[in-house]
Every structure is written in C-alpha cells, then in structure tokens.
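So that we are looking at the same thing, I have put the structure below in structure tokens.
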Amino acid sequence: MIDVLIGAMVWSNLLVLLALGLTMTYITTGVPNFAQASFAIVGSYIALTLLRLIGLNPYLSIPVTFILGGILGLSTYYIALKPLIKRKASIEMLMIATLAWDLILFGIIGAYSEVLSAITKKTETLFVFTSLDFNIYGIPGRLIVSSLLVLLTILGLYLLLYKTKFGIALRASMENPSLAEAMGINVENTRLFSWFLSGALACMAGSVLPYLQEIVPQTGYFIVVSIFAASIVGGLYHIVGALVGGYIIGISESLFTYILSILLGPGVLVYSKVISLLMMIATVLLHPRGITGTEMWRRVERWLNL
Amino acid sequence: MVELITLILFFFALYVIVSLSLNLEFGYGGIPNFGKALSVLTGALVVGGILNRLLIWYFGIEGDFISASSLAAYRMTEIVSQNPLIGLGIFLFCVTMAVVAGAIAGALSILPSAKLKGDYLGVTLLAISEVVYLILFYNTEIVGGYYGVSVPDILAFVPGEYRVYAYTVLALICALLVYLFLEKLLNSPYGRILRGHRENEDLIKAFGRDVMKLRIKTMALGSAIAAIAGVVFVFYSSSVVVNAFNRVEWTFYPFLIVLLGGKGNNKGVVLGAFIFVLLKMLIDFYKFDIKYLLHLPFEAVWLQYIVFGILALLILCYKPEGILKEEPIYTPPIKSRLKTNP
Amino acid sequence: MIKVEKLNSGYGKLQILFDIDLEVPRGEITTIVGPNGSGKSTFLKSLFGLTDIFSGRITYQGKDITYIPPHEKTKMGISYLPQTNNVFTNLTVRENLRIAGYILNGEELEERINFALEVFPELRGILDRKAGSLSGGQRQMLAMATALVRKTKILMLDEPTAQLSPKLAQVIFDKIVELRDNYDITPLLVEQNAKRALEISDVGYMFVSGRVAYGGSAESLLNHEKFQSYFLGVVGIEEC
Amino acid sequence: MWKKVLGVGVLILALLMAGCINTGTGQGGTTSEKVIKVGALLDFSGPLSTHGIDTKNNLELAKEDIERYFKEHNMPYRVEILPEDTRLDPNLALQKVQLLRGRGVNLFIGPLSSSEVKTVLPYTLSNKIIVISPSSTALPALIGATSPEQKKYLYRFVASDDLQGEAIASLVADLGIEDVVILYRDDAWGKGLSQETKKNLPNYGVNVRDYIAYPSNPSPADWSPYITKLEEDVKEAINSKGKDKVGVIYIGFEEGATLFSQIPEDSILLNVKWIGSDGIVKSDKLLELKEKTSKVGMYSTIFESEGPQEYINRYRERFGGTPTSYGIISYDALWVLTMAYVETLESEGKYDADVMTEKIKEVIQKYNNGEYGVKPLSGKIVLNEYNDRASGDYAIYMVTEDGWVKAGIWRYETKKVEWLK
C-alpha cells in the first residue's frame, strides 16, 4: 500500500509540473496546448542524451532541460501560434495548430532517437532511468526529487507572483489583459513568460519521468490525457488549479484504481485513464471552472489571504 | 500508380463523409465536436458487435466471440461470393443500423454538456469519445478490443484484384449521397437556423427556438452520417480493430480538413478533403525518395510526420478562412432579387 | 492636446466610426455624449489603440500616435479607464496602485502613490483589501487614482458615474474638476449622465450613429436643440 | 470560385507528375540490376519500438548477406527495404501495404502485432501479396483465419502461442512450482500467450492463483498497484505452500524493467521464482537490473533461435545490444522471401504469388540445408498447414550475475525440460 502511495505521489508531482504549464498558457494565450506532453518527452530525450554522451545523471541535467525546455516553449508560441493569433484565428484553429506542432515534435523526437542510436550503438527509442535512481531510507530518489521540484516551483512562483513587480504585472495581465495593456504593461511579455515557463517545467518533469516509466516517442500521446484532466479538474482559470488537479488526478489514477481493483477485481486496473477522464467529464459538467472556481475555494483563498 | 490513386480516392471519400458531418456540427452549428472519432467507431461497433452476433447466432457457431466471428465472417463471405445481392443487403442493413446507432450516440454524447460552449464543450466531447474508445479497446468481449474481429467481405463476389476498386466506388457513392443530402438539408430553414445558432445563440432563443433541441438534432445527424464512414471502412478492411479508430485520424484530421476547406462551406470541405488526403498520401508515398534525395540520417517515416505537421501549420496560417469562403444562403426571394438586380 | 482628423475605425470588418474630427484642448474638460450605440466608447478605445483603425490621423501634442500600441501611449501620459473592469479585482488596492506605475522606478513610484492617496484619501484605510471586495464608488476612485500614479496628462474616462448613486456621482465629478484645476490633467469623458457632465465641462461633442453631430462649447451644446431633443427629457426624468 | 478550384487542381496534378518523374529517375536508373523491394511494416514509435528497430537492424544485416550471395553467384539482383512505421495501428498497416503496393512492392516483412496481421490478412488474399510476420503469435482463429486457404499468402515464422504456452507450463512445473500468479500485458500478444499458458498449467498440476492484466497502450507509469496486488497474492501462496513452490509468470515486454525497478529491495516478490517469455528474453533493460532479476531467475522461454555467436557479435558491433528473437526470425524471413522471389522470377519471368508459395516451400528446404551458405538463425524452419512455425524447441534463459545464461531446453518431441549443467 505504501508503494502505491509513493508511486502515486511521484506521478502526481510530475503531473503538477506538466499541468502548471498547460494552465498558464491557457490563461495567457487562451489555447489548450495539445503538445504539452511532447514537451516532456523532449526533456526526457535531452536528459538521455546528456546521460549517454557525458554520463551526466539525469537529475543533474534538470537545469539544462529547464532552459532548453523554455526555449522550446517560446518557439512553440512564436512558430506555431503567434502567426495565427495575428491573423485572428479561432480557438479551434489554434488547438489544431498545437496538434500539428505536436506531430512535428513527434517526428523530430523519432528522427533524433535514431540519430542518437547511431551514435551510442543502442536502441534509444525506448528507455528508462529507474535503475539509476538512488534511495534514502527506503524513499526512492524520484519521490524526493520530484517533490523538491514541485516545492521549488511553487515557492518560486509564489515569490515571483506576489513579491515582485513583474509578478504583479503578470497576475494583472492574466486577469485582464486589456486593462494591463492600458497600464503600460506589455502583455506580450507575460505570454512569452508563460510559454517559457510552460516548456521549462514540462521538460524538467521530462527528465524525471523516465525514472517512473518507459519512454517511447509516442508516450506523449498517452499522457496528454492525464495532463488535461489535471488542469481541468483543478480549474483552467487559476494557476493553483494545476496544483490541486495534478494531485487529484495523479492520486486517483493509481490509488483510486487500486482500491477499485480490491473491490471489483484486478481487471479494473487497466482502466486508470478512464477514471481520470471520467473525473474530468464530471468536473466540466458539474462545475466547469474546476475546483479553484468554486465558492468554497474562494473562502479558502480569503482565509489564506492570497 | 493505380493503387496509389485508388487509395487516395478511397480515403478521400471516407474523409469527405466524416468532414462533411463535422462541418454540419462545427462549421454550421458551431459545436466543436472533438469527439468525432466516437461516431465513426459507432459505425464499426454496429458491424463488429451487432452484425457479427447475428451471424454467429444464425450459423449457430459455438466458441469464444473472436474465433466465432472469424468463422461466421468466413461463412458469410462464402455466401456473398455466390450471391451479390445478399452482400449489398448486408451493407444497407448495416448502414441503416449505423445511422440509427450513430444518431443515438451523438444525441447522448451532447446531452450532458448542455450548458457548455467553445473549447470546454470540445474537450468534454473528446473525453467522452476517449472513454468509450478505451473501454472498447481493453474489453475484448464487446467488439474484440485489441484483437479485433473479422467481418464478412460484402463485395466477395468481385474478383480479388478488383475488390479494392469496388470498395472505392462504393465509398465514393456514399460520399456523393451524403454531399447531396447535406446540400439540400443546409439550404432549408434548418440550415439557416443552424448558422444563426453558431453566430448568436441568444438570437435563436429569442425566436423561440429550443437551442438544446437544435444541438441534439445536429449532433445526432452529424454522428449518424459519420457512422456510415465507419461501416464502409470496416467492410473495406474486413475487420474491426478498435485501435484503428483513434483520435488523430478520425477527429483531428477531419478538423484540419474543415478548417482547410472553409468552415460552413461544403464544397470547400470536399476540396479540403481532397487536398488533405492527396498531400498526406503523396508525402507518405514519396518519403523514401525524399530521404534518398536529402541523404537524411534517419528513417523516412519521421520525415513524413515533420513535413505533414509543417504543411498543416502553413495551411492554417495562410488559409484562415479556408480555401472557399462561406457562401450566403440563397433563399428563393434573394435569388429572384439577384436575377433582377445583378 | 489631442487632435483627431477623419478617423474611421471599428472591429475587424465592422466599421463603427465614420470621419470623426475632434479636438481636446489642454486644461479643459471635454465631454462626449450621444445615444446608446453611437460609438462614444469605441471612440475612446480607438484613441487608445484598442480597435482597428482603417484611416485617419490622431495627433497628441503634435505627434502622430495613430498606430502606437496602448502600452506606449501610457508612457506618453495618456490614460484610459474603461467603464467596467477598470481595476484588477484579484489584486489588492496597494498592488493596483503599484501596477499602475509599472513604468516608473521605485522611488518615483512611492512618490506618485503618495500623491494619488493625497488626492483620494478615502483609499488610505483599505490599502490591503482586494479590489474585488470594494464598493462601486471606491472602485471608481481607485481606478482614477491608478491614473494619477501614471503621471497622466490626459485622462480618458468611459462613463465614470455609471451605476453610482447621484450623490456618489457628484463626488466623482468634483474630483474630475479638482484634477483639472489643481493637477494640470486634461479629462476626456464619455457620459450617459449627459446634463450633469456637460455642466462641469468646457467642451462638448455629440455623437450620433458613429458621426459627430455637434461640437462646440459645453454650454452651447447644452442649449442646442438637437441635444435637447435627444436627451433632456430623459435626463429630466432621471433627476426627478 | 471555380477558378480557384481549377487552379488548385492543376497545381496538384503538376505535383503528382513531378513525383512520378522523380520516382522514375530514382529507381529506373540501374536497369541491369533488378531491385527486390521488400516492405517492412514495423513499429518505430510505440510500445514495440525496440522490436521494430531491432527487426530493421536484422533486416539490414540480412540484406547485406543476401546481396553478397547475389554478387558471389553473379546474380543481377539488389534488395531494397522500405521500412514503415505503423504504430501498431491496423488502419495504418493496411494503408502502408497499399501505398507500398503502389510502389510495386509485393513482398512484406511484418506487421509485428496480431491485430495488424488480422487487418492485412484479407488484403493479402485478394491482392496476392506475400507477407511474413516475424512476431505475430495469436492462434489462427484469432486473426481471422479459419482455414489454411485463407492464410496461404501470410506466413508467420514464429510459432503460435499454443506451443510456447505449453513450454512455459512445462517449465513452471519442472521448477517445482505449484502455485502461480500470472501478470500479463493486456494486448493481443499478452492475452493470447497468457491464456494458452493458463490453459496448460492445470495439466501440469499447477494452480493459477490470480490472473492480472496491465494496460499496454500505454503501459503503466506507476506499477505500485500491480506490485502490491502481486505481493498480496504471493504472500498468501507462500503461507500455504512455502516459498519454493510459488512463482510469478510475467508475460510482457521490456516494461518489465520498469516494473522491477519499482519493486522494493525487501519485497516478498524477490523471494520467489519468476518466469518470463520470449517477450523479455535477453532484454538488456532487464539485465541492467540484474541485482534484482538474478534473485528471481526470470526463467524465460524462447524459440530456440539464438543464432551463431559471430552473428550476435556482428550485430553488437554494428548497432549495439543483442538481437531479439523476433529480429533473428526476420533475418531468416528476408532470406526466404528474396530467394523464393528470385526463383519465381527465374522460372516465370514475373511475380506470381501462387508460384511463389510453392517456391517458398522449396527455398525453406534449401535454406534449412545451408545451400545458400547460411543456415537459419532461428533453427530449422518447419511450417504447419497454416504457414505458421510448426514445431520447435524452446531454449530457457535465466538472469544470473553474469547476464542472461542458457539454462535448459524444452524439447518439442518429449515435451520435457532438459537442464544444462
């Protein structure tokens, strides 16, 4: 049981990092980004490259993946979305554009994995890092590192958003871009920032993900469902939503499915993604703005004085 | 080359059916149905799940569903090869059932999301479709899941090497009928109200129309049409395998086609489908040559994804209103005015 | 201070304003009135750069600013307060004031905030409250205070007294006069509350169907027959 | 508007023509040599991508050997392999077959999964193309073949699940295990093999305590629910039988490495024997975790097809790693395909599927006898009436501190395990 919990926590932590980016870019640009999961896979491959070529432990490659991921996020915005936004494209067009971008990333990842295989003389389309993981008093490194990453991200975001001028401007632009523009804030900057952060966080999660599961170029196609579920259940209009949703989805995918399997038999275990999808549907139908959009949440917020 | 052209025409016909149905829902009705794959899957489900069970029962075959399906399909194929009418009869029977099942599935899937709009509605429909897909994929009892089940070859009376052509013709006929039907339908009062609904829901409400009823009707109609494509595809490939009905091919590609061809313009969508399938197949077909030409250090398959993605982006970027713009609806009074007042 | 020549603008393909010629003199209150849908609010947005401008020219202190983006205009001393959503509800009053001076450096910002609070002493007690929890009058004052923080030279207000009680509306109007008299700010108003607004104004314009129907001194507009036929009855009833 | 349509049409036509000319010059240039085009329907991006890439690698080596043979015998042929990524999607697999057929390809290696094979099967029959799958193992009825006639153009050079299922059951009994838990990959391959195994186990006096599926598409990120479930089952079994008589059968692919990496050091699961299948045998990924896997043995059956050591070395030098059994089978498949094709051309002057099926029979004989200078890497090839691998011995490999070691052989004739020293 404790192992189920540990696994669920690691997965939740990573989901939080991935969902944060999705939520932020949704707030600033208004696009649900279908390429979000592929960002993570790019991160995994960057970490793999550093491991194979210079023997760097994937945990240590996080700063590199963070920065490269940021660049990836920015290029997504510049190449795939900005030209369309300029032409006043509809939201469906933007969604399809992120899909096309996802396909391009998929092709690049695949091609790259082959190039890397030729260098390392190993098949590099499928890999895990789990055997490289460390262990402190029975707690696997992936849990420690992923939790630290989430903590650092939250702390960093909190300080940035609440204690700096740029952060206040960011919150202002998220709430009301046209007014922010009127205040002399260049709203475009906040979009750039959110795309940078979105890519950076996702790629960072990508360096930890192979400690948890095997990575193939197609992995993104499968995990994107969970990321969307996390963001939506938490609430797409609130950054904190990603945090709440990430843990709810991450934990229910493993833990809830596990409890169901005790009650209904092991056959249920294969349907874990169905559970997160159903939770997402229920959220959208009952309360489209997600958990952070509820009155109860507003009270919690007031109490926390955020 | 003939094979390539046949393949292009076949998938062109399939995508015309699916994209036109999406155009009805999304282009005219403003419902972003990101769960399009579900309706195509419904068509397949009818053939694999219902027709097969009927056949198994009719032939009195014992054993597990998947193996029994193989046997039933085989026996039926034998019969059809002697008796063309039975084959066509089965086809019409399945299309009818698929239309009914598709309509029900479409109506049901929009029901819970009555109050949603825009991207939220789209994502919900996507999630519903994905849930059904996953359940059908993992549960091998319903339509064989990842194993898939065989279905009879309804054109078994056509000699083997011509059968692909025959299916292509069948698909093209279906596409043509769907097109004609939709053209007629959308130039009726229903079509005008649908466009009105897309532009301004409140206006429709003000005219005393029930928006929800309109949505349900539209989704039912759209899904019923798309289910036909599922039936054609399943008979063509002689099997129902659930992973063939994933969201990329049956939801995202049709969206790309509708956006490429022009929202709310059926002619444009047909043209869009043609260009899309042509480009996709040509990239697929010539990728090896491109690879040799450019001396790429990786397999051509990756090139295909990258090139296709880039083309899709370019299309979106340079064709924001589609190849053909939405045409005004010519009601008789307008037509007569146009005549007198050119 | 601002001069508009032959302005045609709107949203996308939809044209709303036609051939607008208008001038805002420095140190005077200019008010634009007009029936609903006459394009008054769109005009302010066009000045600020939030609409699509098809043709025409806008100059500010002799400089062409027709196609300058809004955040640049802010730096030049042009402020625009929309009718609703003119403060950030998720931010506190203090944060709102700070964000208003986004373009200023630290010391200057503190100075300007203090200055704004001098003009609006009502805000001192509620600095740490979220703007979303303020009353309508407080919100409007906060919105105007944010404009003061930005070293505004010309302040465009879109119906600042809408949804306020007559008493509160008077407070706001008084503040507007105070801004002109004591702080060298040029207010440009769009008002439904036409009569009261014109009473404190120096210059008045009337828009009808996206065109300028009349322009001149506020007083002359008040007595103009077109204005009386359009408005006075309505305003009169409101005031009863 | 119609001008636009016309314009687009003309443009497309021009594109098509340009493409035609392009292929025309690209391939028709060397007329003295005949190009044997073989399509390879593999998975490069999905869960079977290691097998896909491995198969491609083996095909490359086979192509070299075959072309060397052609040169030595002054035969004017060349082999061209056209690899495609089907992503295990049956729809794509069928599309790719048709596309490649448009390029004049009549010979195919693949597809890898049984569901793809099922979709491709009717097409092979109606369009007379020859397909050899190196890895589809589902029983013929499950892939839609109810009579040998339906499968006459579709070969599978790997034995179907019934054979390996029996080998595994026999192995489990021979290890002295009386109580097992089966953990299997929920797809056509995993379910097929695990069901055959499950069916055979009672005949050998082994009780199946639990039968657990895990998703394949994608495989789980987090294995802890499965680990916990397994631990509970194994604990119960040990309490009633003792730990030497309890085992876990794992029917899956390399995701097993992820599973093992998530099993805690002190887990009860590491105290019992594990039995694998050809899905993991010689997996480098599992070997990376040998401190755990060697504790449980991971006794894995594989169709006796190790290939001579020099081939393995050659593979390692070229691509790194070790060839998988499916990869080795595809090496043989390419030899048989090309040689039978050449013989068909020599006797008929053109491709003819029905002649070729006859030639394949002859070629297999010759290939088995080493008449082409090489012998089948996957052992003697014998096909049954369904054109599937008929019989064969299964080698048993286990993980030790020194890596994967061959521990025994399951003989088809005696249906018994012979342990090596």
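First chain written, first letter: the chains are A, B, C and D, and each begins at residue 1.
The rule we apply is simple: a contact is a pair of C-beta atoms (placed from the backbone, for glycine too) under 8 Å apart; a residue touches a chain by one contact, two chains touch by 3 or more.
Which protein is which chain? UniProt says A, B = Branched-chain amino acid ABC transporter permease; D = ABC transporter substrate-binding protein.
Here the structure is a predicted model, which means the values were calculated and not measured.
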Worksheet, complete the sentence: Common contacts of chain A and chain D, by label, are B
Worksheet, complete the sentence: centroid check, CA-based, most central chain -> A
Worksheet, complete the sentence: Farthest CA centroid from chain A: chain C
Response to the item:
chain B to chain C, mean C-alpha position gap in Å, rounds to 54
Worksheet item: What is the distance, in whole Å, between the centres of chain A and chain B, each centre taken as the mean of its C-alpha atoms?
Response: 32
Worksheet entry | Cα-centroid distance, chain C relative to chain D, in whole angstrom | 74
Worksheet entry | chain D, residues touching no fewer than two other chains | 44, 85, 186, 215, 217
Worksheet item: What parts of chain B, by residue number, touch at least two of the other chains?
Response: 138, 299, 301-302
Practice prompt. Identify every two-chain combination in which the chains touch.
Written response: A-B, A-C, A-D, B-D
Worksheet entry | chain B-facing residues of chain A, complex | 32, 79-80, 83-84, 87-89, 91-93, 95-97, 99-104, 106-108, 110-112, 114-115, 118, 221, 225, 228-229, 232, 270-271, 273-274, 277-278, 280-281, 284-285, 288
Worksheet item: What residues on chain A touch chain C, complex-wise?
Response: 88, 165, 168-169, 171-172, 175-176, 178-187
Worksheet item: What residues of chain A sit close enough to touch chain D in their complex?
Response: 1, 3-8, 10-11, 106, 110, 114, 117, 120-123, 125-128, 130-131, 133, 135, 138, 209, 212-214, 216-219, 222-223, 253-255, 257-258, 261, 266-267, 269-273
Worksheet item: Can you list the residues on chain C that touch chain A in the complex?
Response: 12, 48, 50, 69-71, 74-75, 79-82, 85-91, 95, 98-100, 102-103, 146, 150
Worksheet item: So in the complex, which bits of chain B are touching chain D?
Response: 1-4, 6-7, 11, 66-67, 69-71, 73-74, 137-138, 140, 146-150, 153, 160-161, 163-164, 233, 237-239, 241, 243-246, 249, 267, 271, 274-275, 278, 281-282, 284-286, 288-289, 292-293, 299-302, 323-324
